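Structure incoming, see below.
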Amino acid sequence: MSTTVRQMIVETAHRVFRDACDMETVAQAAKGTWPKTLWQALAGNGFTTLDDDGLTWEDALALLQVAGYYAVPVPLAESILASRLLTAAGLSIPEGVLTVGVTPASKPQVEHTASGTRLSGRWTQVAWARQADHVVFLAFDGDQPVITCVDQSSIQVTSGTNLAGEPRDTVVLEGALTGDVGGLPSPWSQDSVRSFAALTRVMLSAGALERILDMTLQYAGERKQFGRPIGKFQAVQAQIAEMAIEVAAVRAIANLALAATEASNDTASSTEGAALGRAEWTIALGKVRLAQAIHVSTTHAHQVHGAMGFTEEYPMHHLTRRLWAWRQEFGNDTAWAPSVVTELREHGVWRAVTGV
Amino acid sequence: MSTTVRQMIVETAHRVFRDACDMETVAQAAKGTWPKTLWQALAGNGFTTLDDDGLTWEDALALLQVAGYYAVPVPLAESILASRLLTAAGLSIPEGVLTVGVTPASKPQVEHTASGTRLSGRWTQVAWARQADHVVFLAFDGDQPVITCVDQSSIQVTSGTNLAGEPRDTVVLEGALTGDVGGLPSPWSQDSVRSFAALTRVMLSAGALERILDMTLQYAGERKQFGRPIGKFQAVQAQIAEMAIEVAAVRAIANLALAATEASNDTASSTEGAALGRAEWTIALGKVRLAQAIHVSTTHAHQVHGAMGFTEEYPMHHLTRRLWAWRQEFGNDTAWAPSVVTELREHGVWRAVTGV
Amino acid sequence: MSRFTFESIRLPDTAEDLRQDVRRFLADEQAKGGFVPVVDSWLSGFNPDFSEKLGRMGWIGMVWPEKYGGHARSTLERYVVMEELLAAGAPVGAHWVADRQMGPMILRHGTEAQKERFLPDMAKGVSYWAIGMSEPNAGSDLSAAQAKLTPDGAGWRLSGQKLWSSGAHRCQYMIALCRSGPAGDDRHGGLTNVIIDLRDPAVTIRPIYLISGEHHFNEVIFNDVYISEDMVIGEPGDGWHQVTEELAHERSGPERFLSTMPLFEALVQVTQHSEDRYLQRELAALASELAALRQLSLSIAGILEQGGNPVVEAALVKDAGTRFERKVTEVAERVLQLGTNGEGGVGVSDEIAANSGIAAAETLLAQAILHGPGFTIRGGTNEILRGIVARGLGLR
Amino acid sequence: MSRFTFESIRLPDTAEDLRQDVRRFLADEQAKGGFVPVVDSWLSGFNPDFSEKLGRMGWIGMVWPEKYGGHARSTLERYVVMEELLAAGAPVGAHWVADRQMGPMILRHGTEAQKERFLPDMAKGVSYWAIGMSEPNAGSDLSAAQAKLTPDGAGWRLSGQKLWSSGAHRCQYMIALCRSGPAGDDRHGGLTNVIIDLRDPAVTIRPIYLISGEHHFNEVIFNDVYISEDMVIGEPGDGWHQVTEELAHERSGPERFLSTMPLFEALVQVTQHSEDRYLQRELAALASELAALRQLSLSIAGILEQGGNPVVEAALVKDAGTRFERKVTEVAERVLQLGTNGEGGVGVSDEIAANSGIAAAETLLAQAILHGPGFTIRGGTNEILRGIVARGLGLR
């Protein structure tokens, strides 16, 4: 891992987001305005797609923590995941805004017809489908999971939003013409794709949790009641201390997932399966850990902020609403629990946690 | 319900326990000394068995709240339950210390032989079996649950204790001669007996929870750190406030269970089944509510007390260890959950809670 | 040994009969499409038609004397009506504050003329009132109120502002706690409650949008509003006393633990066929907490009926009740999978997922999540309440 | 944006090799009946034989210089050995305090003579040391210590008492924080650490029995004990500084979240065949919390290795870690049915219930319940720790 390069990317990202993604931009985006300048800034810095000579998958995941801190209102996670899937499937990455459809409603099929390859199916939770130039889909060729990319012009979008007002659209395709189709590389499974999608939520959330801690600390230091800053009250201090541990824990486990993901890419092919399994397990742990962190942190952050904190005017809700949504997206804690527990049962808790 | 009589019983009971059941008595009992004086005082006041002209089942349940407050180290709950079961089965109540065996290991049978009625089986969790003059057993005559009473001389006891050091023995009978056998009255089932046993634990715990709140309040007012009573610290205040609500909640639900039990006895025979069902449901609620109350209250009580509180010398553990044991006895919250949820599913939550 | 007064309450048969009347009414209304159950309906369900219907049923101002349009019923009968309305998620927001707080304050401290003028319309369900307590720098600390009353002839002039006034943009009146003199040593003096006609052009009402995007709360600005003598409640300077004695009413009611009741019902429905024991444990724990809270809240209603003022008990119940409301949400967040477009959750039966039950449950969960932060803040934060309990227990 | 220093740590391969050595050793010992896993083994597992064996393996004083009997290994290697011993519930109580606290204090502040005299026996696992910090009126507030040192020639006389000294009745030595002068304005002056030979007849050791009935803690009374000059650590008056700089070591170690690990393992084993999704959720939540805590604790070990003093981070980890230990107990209380004589629990498979697994799990649960209150009190209560975190975050 090139820590220095990644550190540089993270620092640059902070600068880019500070400039192009203030809370007003986020608020406007929540009302439906596409933040073109922000997207261009991100794309211009090479942050929106992976690149053999530039952003690696792991760099991009680190970048998502920064993006989460700023409540990024564009499909950055999806664009990165899309380029990861395309690359893995041996397909090329098109220009423009990319998103992914990786939660198909049933088992959408590609058909090889005389007039070309066609795709039919329905995908929910497609982030910013309405806005994307291309959507990268997880589909099936028979039983084989495959990746393929479809143009905006060929998709039917039903708009929806998550709790934070982020576009989460449903896309329906009925025999749409698609480009090349590529299989998932060994040892990836359909579940690996779901894991990677979940990992983007862990990364984004790690950043967003950090931000609400910062906002809460600042507020507690400034807001006065009964003649002194509320941060002097033991009850408020306890709430903030609890937030701090939750934030630190999520960051720790996000970094663990990042390291495991990296290890699974750097591994000799003979142990690839095991390394990928380890990465997926660590991601499952992360998604489970996230649920508690979000519950505790958002509860305390709002409680410390009092009535002000749940107004639209005060910007913290751009973070807390995203966190509530991200907790659920690509599976909540209950959904991921069996993936975690299978390993505990097979190896024992301690061996599972220490990597056997 | 004769509230005045019951009030009088409760007040007398407080006086009796204050005199005969101080913490030294409890501590000695925990070391194996049978508190003879206490038992005599209770028996002398007519508190150990139900009586047509004296203590009713509901009075006795109210009495158990007081007994719990004083960490009663004798089988008072069991003696009362034993006399309740005997009376219900149409049997007479013998003299002496009584206890019950109502958690049989399999399905112990009575056999009617030429030499008399004989009983075989194994019962766990028999409180003070080693000390009792008679043990009242729940057994079976074929498939029919029955009640019968066996003398100390005929039982084999393997000693055991619960977390609080209270005797919880295992009793084995192998064709022991028993006295009369009586069936459970309609509409009672084997589960009703289990419910009543659980109800004694709810009542005892309500009192014990009250006591640890009192002890914690007193300690917080006296103990100083950083130059002031710890009760002045907001963190301690919050812990005590949480204990207070838990105590109040358990008392409220214990009283609800008491009222429902009373209603099930006062009911015309046509609605007996429904009234008993309601009482059993309320008891299940109580046992479930208890689990949280014990978890929260014992945690906070010990935390406020600091290191002192978990020494043998400081008497609070006589209460907290009993609470931990009572939470489990006759089924913990997970065990009782289905009884609660069945009603919620059938009638909806609100109708179940308001009594349909 | 007992630190608080929480007597067991057995509801009179008249109250239980009334309960069945309310249930029939609600079932009818729901069948007619009169309302869709929502979370937190006493805040978000502002529905004048529905309030008028309730007025016609005699279910507003129930305990007030008949001569002021009331129905002279008992506190416990009123309690039963309130809890049924809330448990059903019915839209009671329009008249809620008038019925719970402003009517009783006028009844207790108002002049005969004020009673005759204001109470009958409240009881009809056509007069809606806002609360004017909080200010930008007086949230949990009401004694810091600064909205200023200056004497003007027999009346007063009012300048300043109030925050968080629920429904002020749709209400006709507000009662505001204002500063008419210095606070004095105990910090509780110099406060006066006045009635303000919100249609007065010198009153500016600005919306405060919530994180759910809804508009319930407002900032209300008084630009030198003339307050005539007959709009003052009781004696000038008695305001602190008047608002704090209502606190037990405000804090102990069933609205402090029933806000998420429609979600709880939905949760049980959609997991109807789950055999999962530990899910059942969570549901049973919630039910047992609910049952206990209801008994405690009923006990307080009983004390109020007898003229007591159980402020500490009310604080205890509100703290626990509002935490319960949020626990329901947390369990639901583990069961349902928001954003799957009504396609399921963990433990949700296919049968139910296939019909509209799951989508409705998800909608209720979204409402509960977004309203949740308010539960433990409004009407006195839980931190404030715990201080009150500690004081009641003699800790300070 | 980041408020604390928690760098990711990747353990070196040498440490992972060492882990396998420790596991083999522990498996052997367990197979031979050398120990039975217990909850909270670093308090309750006082086993001189076992400590000597560990000494022979080179697993005590691992990071100390070889000339004092140490093994010059890295902090991270030491960390791995510690976590493996604790996770297995091995009886490490006899030498724990010497290895973690007293040895390092002597190494850092002691004289050359003290190092030569005391460290080698500690590293052999034959010299056991007690902590003398708390007093009857100085629990969380160490600056209130009153055990009094009076000058006597070149040495001192010590009178007073210490409380909660773990294992003092079986240890040879104690290091006690004593008052040698006035506290001064910052309340931290005038404290001095001295080494006391516990076999001195002027020392009286009285047992403090725990609620589990066990005897680990003691009251240690100093009846005018003579403390020779060479038994003083560093300069008189430097005591506060010496004990607080060890706090990060004391609070961040794996013993602050692994005390109930044997119970957690047992819980997973006995519910091996449960298909209950919500039970799995609880187990997964515990595992995810454990994994995060371990990373944070490792990060602190990394900082310590580099010579940093992460007091605030350590407070954070101890607060969360000890709460985690108790959460394990709470989940186990829902699953197991104590007192059923090993006959089951909810979700416990019959297959396991039939063998000894369930009885062993119940024993561990009983230990965890009875030891639990101590977890969040010893070594600084969680309330104290949160104050430290708040200060670290700039809140006071």
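Labels for the chains are A, B, C and D, by order of writing; each one numbers its residues from 1.
Here is the rule we use: a contact is a pair of C-beta atoms (placed from the backbone, for glycine too) under 8 Å apart; a residue touches a chain by one contact, two chains touch by 3 or more.
To keep track of the chains, here are their UniProt names: A, B, C, D = Alkylation response protein AidB-like acyl-CoA dehydrogenase.
Keep in mind that what you see is a predicted model, and the values were worked out from it rather than measured.
Novice: State the smallest step count from chain A to chain B, taking one step as a move to a touching chain.
Specialist: Each step joins two touching chains, and the minimum needed here is 1.
Novice: Between A-C and B-C, flag the pair that has more C-beta pairs in contact.
Specialist: If we tally the C-beta pairs in contact for A-C and B-C, the bigger total goes to B-C.
Novice: How many angstrom lie between the CA centroids of chain A and chain D, rounded to a whole number?
Specialist: 39
Novice: So which stretches of chain C touch two or more other chains?
Specialist: Correct list: 277-278, 281, 334, 346-347, 383, 386.
Novice: Enumerate the residues of chain A that touch no fewer than two other chains.
Specialist: Expected reply: 233-236, 238, 291, 333-334.
Novice: Could you please specify the touching residues of chain C with respect to chain B in the complex?
Specialist: Residue positions touching the partner: 1-4, 6, 8, 10, 19, 83, 87-88, 261, 264-265, 268-269, 272, 277-278, 280-281, 283-285, 287-296, 299, 313, 316-317, 319-320, 383, 385-387, 389-390, 393-396.
Novice: Which residues, counting only chain A, touch chain D once they are in their complex?
Specialist: 14, 69, 210-211, 213-214, 217, 220-221, 231-232, 234, 236-238, 240-242, 244-245, 247-253, 255-256, 259, 282, 284-286, 288-289, 291-292, 333-334, 336-338, 340-341, 344-345, 348-350, 352-354
Novice: Name, in rising order, each residue of chain B that touches chain A in their complex.
Specialist: Touch list, chain B to chain A: 233-235, 238.
Novice: How about chain D: which of its residues touch chain B in the complex?
Specialist: Going by the criterion above, the answer is residues 134, 137, 139-141, 163-164, 208-211, 213, 217, 326, 330, 333-335, 337-341, 343, 346-347, 366, 369-370, 372-374, 376-378, 381-383, 386.
Novice: Tell me, which parts of chain D touch chain C in their complex?
Specialist: Residues 276-279, 281-282, 334, 346-347 of chain D touch chain C in their complex.
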